[in-house]
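Take a look at the structure set out below.
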C-alpha cells in the first residue's frame, strides 16, 4: 500500500535564499484586512550572503485535540528558535538557544484554540485551560484576579461585571501577521502582529507587537504599542507573564532583581519573604507564592531582572524602562513537575490583584482617545559562567547601596 | 490500491452564463443535511439573455483574526450588492447601491465567527463583541436586554436563567444555504437559508429566510418564517435590528414613520422626545436614546418607515405588515464615529426590554406546536430627490390627521 | 466556462484490501502529538482473506451549521455499523445492526462542534445544546446536575464554582485517534482515542478509550481507562449515558435489570416506581422520571442490564463489572417524538445528582496521583426472539430470589 503526501491547505514553499539588499524578505502570513491566511510556509537563507548567519522562518498549522486550527510561526536566527502563537494573541510558546529553554512544562500540553476556551468557566478561571506559554500577555482591558468590578454598560450606566483571570488578550487570534528581514545589516528579522480587543459599547484597544532578533544573536526584543481607538478615555492593564521551568529553574536557581520594596501578595507568601529570591526543587503540595516588586532603574530609567541556574552558568535577563512597566511581579510555583513546576517574572503596568483593588492603589493607567502606551523588553540568554556573572554584577550595581524594604504583610485592601 | 483526488469542500467555478429559461441557476452552498460546504464559488450572467441586467453571486470564506472560517455570500443584481453572513444567522452585513450604503462603521471591524463569541460575557453583553451588521435578527427564544427571567429546566420545573442581550440567533451558523434564480421573468434572485435555534429540554425554533431581489432593481425583500418544531407551545421574540451610519445618517437626517404613539425607553430618551425624529452629527459622549413606536398602517395593514439624508435626495424605506411586526424601535446612537455613529430602525414582535418585562406588557407571542410566524420586509433604496419626496409623502399620508401621542415618561415596570 | 478542481484539504484514499497477517491495518487519524488530522479516509477488506467477513472503516468530516469541522469515524464490521465522534470526546452517535438501532431522535440534529457550545449557558445546561449521541460520557471532573460545589482555586484555597450539567468530557475533542485490525484471528477491529480534561490548577484527567468489535459479530466492547496525571489525589465521576429511542423503545418495551434496590430520583419519579421497568409510547408533556439502581452481580462480579422491545424479539444488553461501575441510572423520558422520546441506561461511578450531594453520599471516587480507573462495557444486540429470551432469563437469574427494595421516596439530601 502506498501513501500519498497530504496537500493540506496551502502553497507550501520550501524557499532558500541568500538574503541581500537586493532580496529583502517580506511575507504577510495572516490578514483579516486582505482576507488571507497562509496555512504552511517556510523560507530560509543566510544573512548578507552565503557566509552570513543561517536563518529560517516557518509558518505551520496545528491539528488534533484543542489545537485544531492554531497558527504557529517559528523564527530561527541561527542561535535562537522563537515559537510565536498568532492564534493566542501573539503569545510566545517558547524560546530555545542550545540547552537553554525559555518556557516550562505546563500540564496543558496542546496550544489551545481560543474557540475552545470559556474564560468564565470555573468562577472566572477558564484562562487556565490554555495556559502553557513562555510569554503570555495579561490584559488589555483588565488582568489579574477574577472578581467583581464596575464598568459602563450598553445604556451608559455604571454596572458591575465579573472580570475573568488575566483578561482576554491571550485568547484573541491576531488579525494581521507579517514577517520581514531588513534589507541592510544587521538584517534584523521582524515578526509583526496586530491583535484587537474591541467591542461595541466597550474597549477598543489594539495591540501592535514586534518580535525581533538579529541573525546569530542570543538576544531578542519585544516591542508593543497599545492604542486606544475609542473616542473616550480608557483604562488598561498590561502584564508580561513570562514563565520558566526546568532546567533553568531548579533547586538553587536565583531570581535576580534590584528593588526598592518587595511586598508579599498574601499571608502565605509573607511567611517566606526572607528567601524569596531562591528556589527549591519540585515540591509536591507547594502553594504559589507571589511577590510584588518596585524595581530600581539605572540613569537611563531602565531596570534588568533575571533568573540564573544553580551552577550560575545559564541565565536569562529582561531589560525594560520602568516608566513603561513600573511593577514587577515574581511568581513562585515550585510544585511537582506534574502540576507545573514554574516561576514567573512579570513586568507590568500593575500588580495582578483584581482591577478594583489595583485602581484603588492607583495602578490602573488610562489612555486618552487615540493615545498609545509603548512597552519594550529586551531579552538576553546567557550560556556560560562569565556572561552570567556580568548579569549578576549589573543587577547588583542597580541595587547599589539601597536596602530593599521587605514588607512583612500584604498590602491592605479595605 | 486506487487513489482518487477528492474535491472536498470546494468546486471553484469561474462561471459566466447568460441566464435563460433553459439555464435556471440553482446552487447549494451549505448543507448540514448533505454534509456540504462550498468554500469559494462565483457565477454571473445576464438575466434573460445578453441584453438583460448583469448579475453575479459569489461565495467566499473569510480569514484572519476572529473572522477565520466565516462564510459570506454576495449577491449583485446589477444595481444592489447584498452581503449576507450565513455563519452569523443569515444576518446581512451591508447593502450598497451607488453611493447609498445600508450599513455602518462599527468599532467591530471583523465579521466574527460565533465560535469566538461568549454571549454571557460582560454580564450578558457578549453579543456586542460581534455587532457590526446592517441587519441582525434579535431572538428567537428571547431578545432585548440581559437579565433574569424564568424558564422550564431539564426536570420540568420553573427555574431562572440569565438572558443574554438580543438572544442567540445572530450567533448560530446557518445549516442550509442555497441560491437560485427563477427561470422565468423577472428572473428573481433568491438566497435561502435555514438556521436552527434548538436544544434538548428547550426551544426548537427554526428560521427560514429568503433574501431576494430582481436583476436591475433597487429594492429587495426579506421573508422569514419562524417555526416551532417542539411539541409544546413556545414563546418567541423577533426583532430586525437594521442599522445605518454615515453618510445616510448625518446631521439633519430624518427618521420617517407614522405612529399613533411614541414612548421613550428610559428617562434619558424622554428628555429629547420632541426632537426624536431628527439627528445630530457625531457627538462624543452621546448616550443612546431609544424610542418605542406603535406604527400606523394603510388599508392593507402595511406600514412604512424610513430614513432620509439631510439633502433629502437619498433614503431607505422598510415596508411590512404590522400584524407580523407590530412594534418599531428607533435607536439613536449619534456618538462619535470611533464609538459607532449609528441609528437603528427596528421592526419587531416586541420592544427590546428584557423578556420578563415584555411578557408583563403582553408583547411576547407564542407559537403552538408546529405553528409558524411569517414576517416579511420590503426594502427600497432611493437615490434622488423625487423618489425621496414620494417616500416622505407616503409616510405623511399614513400619519394623516392622527396626532401621535408622545409619552413624557418611559413605560412603568414594577 | 472553465472549472478547476480544487484539492482543498485531503487526499482521499479508496483502499480495498484483503486482510491477512501479512497486511495488518493501522492508521493514525488524529494526533495532536504528531500534528496530524486526516480529513477523509476509507479502507475496507475481508477479514482473513476473500471469504472472510467484510469490514470497512471510514473517516469523514462534517460540514454545515454547528457541525462544521466535526470528525466522524464509522466502523462497519459487516454486521454492525458504529459511528464515533472524536470531536465530541469519543462519544458514539449510533450503532446499527439490521433494523436495530442504538440511538435516538434528539431535537438536536447536527453533531455539534464543541466550539459552538457554552456549557454555562441557561444556568449550566448548555450541554443540552449538543446532546444527541447514543453514548455520551458524563464526567470526568464531575457529572450530574448543575449547581454550586466547592473546589480548590488558583491560590490553593477552597472556593465555590458552578458545576455545569454532566461535565466537560463530551465537549472536548480527542487528541489522539487511531484504528487498527489485529493481524491474527479473530481480526478484532480497534478504534482507540485519547481525550484530555486537563488544566493548570485543576484536574489532569485522561480518558483512553478503545471501541472494538470482531468482523461479523453483533457485539462490541468499550474499554476505558481514566488516569489522574496530576500529582495530587483527584476526585472523578464517570457515567455512560446510553440512550435509546424508537423503534427499540416503544409502548410495551421493558427495561431489564437485576437490582437490590431502586430509588426514585425525585418525588415525580417516586409516584410511578411500581411500573418503572415498563414504557409508554410517546406521551406529550411527560416529565422525565429517573430511577437509581444498585445492580446485582454474578459470581464474577458482572451485571447485565438491557432493553427489549414489545414483541420481545429485539433487544440490547450492557454487561460490566459492578466494582468499576457500581450504580445504574435509568432515565425515562417518554415524551413526544418532537421533544425527544428516549430512555437512558446509564452505568456509572455515581448517580447524576450534583457532585456536592454525591460526595455526601460517598459516591465520588478518587484517584491517587498516577492512578487509573478501568471501566469496560460489553454490548450485545439481539435480533430474534430466542436470543432475547435468553437475555431475559440471564437477568432473571441474576435477580434470583432477591426482592428488590423499591423506595417510596427519593434519597434524603440535607
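Note that the chains are named A, B and C in the order they appear, and that numbering of residues resets to 1 at the start of each chain.
The working rule: a contact is a pair of C-beta atoms (placed from the backbone, for glycine too) under 8 Å apart; a residue touches a chain by one contact, two chains touch by 3 or more.
What you are looking at is a predicted structure, and each value in this text was computed from that prediction instead of being measured.
Taking shared numbers over all numbers used, the chain B to chain C interface scores under half, which places it in the different class.
Ranked by C-beta contact pairs, the top pair of chains is B-C. For this pair, chain B with chain C, the centres built from the Cα atoms lie 40 Å apart. Shown for chain C are the residues that touch two or more other chains, namely 7-11, 13, 15, 17, 69, 115, 118, 120.
Taken in their complex, chain C has these residues touching chain B: 1-17, 39-40, 60-69, 106-110, 113, 115-116, 118, 120-123, 125, 128-129, 131-132, 165, 266, 268, 284-285, 287-288, 335-340. Listing the residues of chain A that touch chain B in their complex gives 1-2, 4, 30-37, 69, 114-115, 118-120, 151, 153-156, 159-162, 164, 172-176, 196, 198-202, 204, 229-232, 369.
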